[in-house]
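Listed below are the structures to be examined.
Here come two complexes built around chain A, the first alongside chain B, the second alongside chain C.
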Partner chain A sequence: MVIVNIIVTVLLAAGIFFFLVGSIGLLRFPDFYTRLHATGKCDTLGGGLVILGAIIYHFFQYPETLLVPAKLAFLVFFIFIANPTATHAIMKAAYKTGVKPWRLGEERR
Partner chain B sequence: MAVFWILLSGIFDAFHVISGLVCCSIVSVISHDLLVKGKSERKLAKLLRLLMYLPWELWQIVLANIDVAYRVLHPKMPIDPLVIEFETTLRGEFSLLTLANSITLTPGTITILVDPERGKFWVHAIAKEPADALLVDQTMQRKVAHVFMETAVETRTLYPERTGDL
Partner chain C sequence: MISIFWVTGILITVVIGLSLYRAVVGPGVYNRTAAVNVIGTKTIALLVIMGYYFERPYFFDIALLYAMINFISTLVFAKYLERGELWS
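What follows is the complex of A and B.
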């Protein structure tokens, strides 16, 4: 059980690290499109890793109920499809409305 | 074939007969590409190739996030965004969807627009290296074309000054 605890802790820590990186990117990047890069990619993987840690922990802690890990795996699959689609939809809306992309050397927007 | 199997086993109750029928129908659906002449869509082969493509894509997701983490946490923040445009010869709805999702999930690029009739993609890249990986190497387009058994790609770049107009 100790090795399972270590693996789950590492997965949760990695997931939280990616969420933190996404939030720092949200503050640091100079433009709407680049901020979308940071949050859209990092939130996807961070959420996926946290839920993967939950799946592994639940699978070893309560081996009778296999339904909960199955539902969580479905959730991970859904996140990996819905997050990029939502990111793309937001970026498409901004492009059609006319938000200009930032070039190197300009000031922050 | 089912009758032959029933005769061999010698058990005639309902469970075995019905399970034999079910197995026969599943096998015939899967292998009907071989039996029936004509334009076959080969859905099973495409599904298997899609399942083999998924681990590569998961690895690209991890690489993408490590790349974003590097760019965010670096003191000089090395980004140089540009919008690129390219054409592919993929026309199927599902293959364009897979390519757009993969572009959004791989390091440094996000799909902005897709034109399904001409197979055009407008993509926002966060620096020159991911843009080159998409334009010059064309690894992802070739892999998606391999999954859906369509032909390969051609590209051209939109000059960065022309961003903002469609």
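What follows is the complex of A and C.
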């Protein structure tokens, strides 16, 4: 049981790490496109890691109810499809309405 | 083991607070929409963690619904900002 706790803790910590890196990128990058470049990948991977840790915890803590890990696995699958699609949709909308990409030497915006 | 979920929930809440800065002061509507999408993804993970911390498995259904609503709302908002209308 101790090894399961260590695995779950490592997975949750890795998910929190990717969430934090994505948020710092969202705060510090100079442009809209670079901000979405940071968050679109880090949030997908961080959410997947956190929910994967929850799935492994559920398998060894409550092994009699297997419907809940199925729901969480579907949730990971949905996030891995839907989150890049949403990022691509809003980035395409910004590009079509004339938001210029940031060049080196320009001001932050 | 439950305390791990408590710490994880607190840290996710702190990261949501960091992202909320971009949603409030971000220049332009696109930055705000992107920040709202990011906050929604973090809220899904927070709902799963809360379901294990309070030991109530109903939170996972709410997390599924929230994932779908977050995805659809971002798509509809992007379409509205791109075309200026929804039904076309």
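The working rule: the second predicted complex is superposed on the first by the 109 of 109 C-alpha atoms of A that agree within 3 Å, B and C clash if a C-alpha of one lies under 4 Å from a C-alpha of the other, contacts with A are read in each partner's own complex, and residues count from 1 in each chain.
To be clear about the criterion, a residue touches a chain if its C-beta (ideal position, glycine included) is under 8 Å from a C-beta of that chain, and two chains touch if they have at least 3 such contacts.
A quick note: this is a predicted structure, and the numbers were derived from the prediction, not measured.
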Open item on the list: Contact-wise, after the overlay, does A:92 reach chain B, chain C, both or neither (first, second, both, neither)?
Closed with: both
Task: Per-residue contact with chain A, leading partner among chain C and chain B - done: C
- [ ] Based on the superposed arrangement, let me know which partner A:24 touches: chain B (first), chain C (second), both, or neither?
- [x] both
Open item on the list: Applying the document's definition of touch, where does A:68 land relative to chain B and chain C: first, second, both, or neither?
Closed with: second
Open item on the list: In the overlaid three-chain picture, which partner chain does A:79 touch, first (chain B) or second (chain C), both, or neither?
Closed with: second
Open item on the list: Just to be sure I read the superposition right, which of the two partners does A:104 touch: chain B = first, chain C = second, or both, or neither?
Closed with: first
Open item on the list: Applying the document's definition of touch, where does A:50 land relative to chain B and chain C: first, second, both, or neither?
Closed with: second
- [ ] Considering only the touch criterion stated at the top, classify A:12 as touching first (chain B), second (chain C), both, or neither.
- [x] second
TODO: Under the contact definition given at the top, report the residues of chain A touching chain B in one complex and chain C in the other.
DONE: 22, 24, 36, 44, 46, 85, 87, 92, 96
Task: Touch list for chain A against partner chain B, complex - done: 17-18, 21-22, 24-25, 28-29, 31, 33-34, 36-38, 40-42, 44-46, 48, 80-81, 84-85, 87-88, 91-92, 95-96, 98, 100-104
Open item on the list: Taking the touch rule as given, give the residues of chain B at its contact with chain A in the complex, in rising order.
Closed with: 61-62, 64-65, 68-69, 71-73, 77, 79-83, 100-101, 104-105, 108, 110-113, 122, 124, 126, 160, 163-164, 166
TODO: Could you pull out which chain A residues touch chain C in their complex?
DONE: 5, 8-9, 12, 15-16, 19-20, 22-24, 26-27, 32, 35-36, 39, 43-44, 46-47, 50-51, 54, 57-58, 61, 65, 68, 71-72, 74-75, 78-79, 82-83, 85-87, 89-90, 92-94, 96-97, 99, 109
Task: Residues of chain C that touch chain A when the two form their complex - done: 1, 4-5, 8, 11-12, 15, 18-19, 21-22, 27-28, 30-31, 33-35, 37-38, 41-42, 44-45, 48-49, 52, 57, 60-61, 63-64, 67-68, 70-71, 74-75, 77-79, 81-82
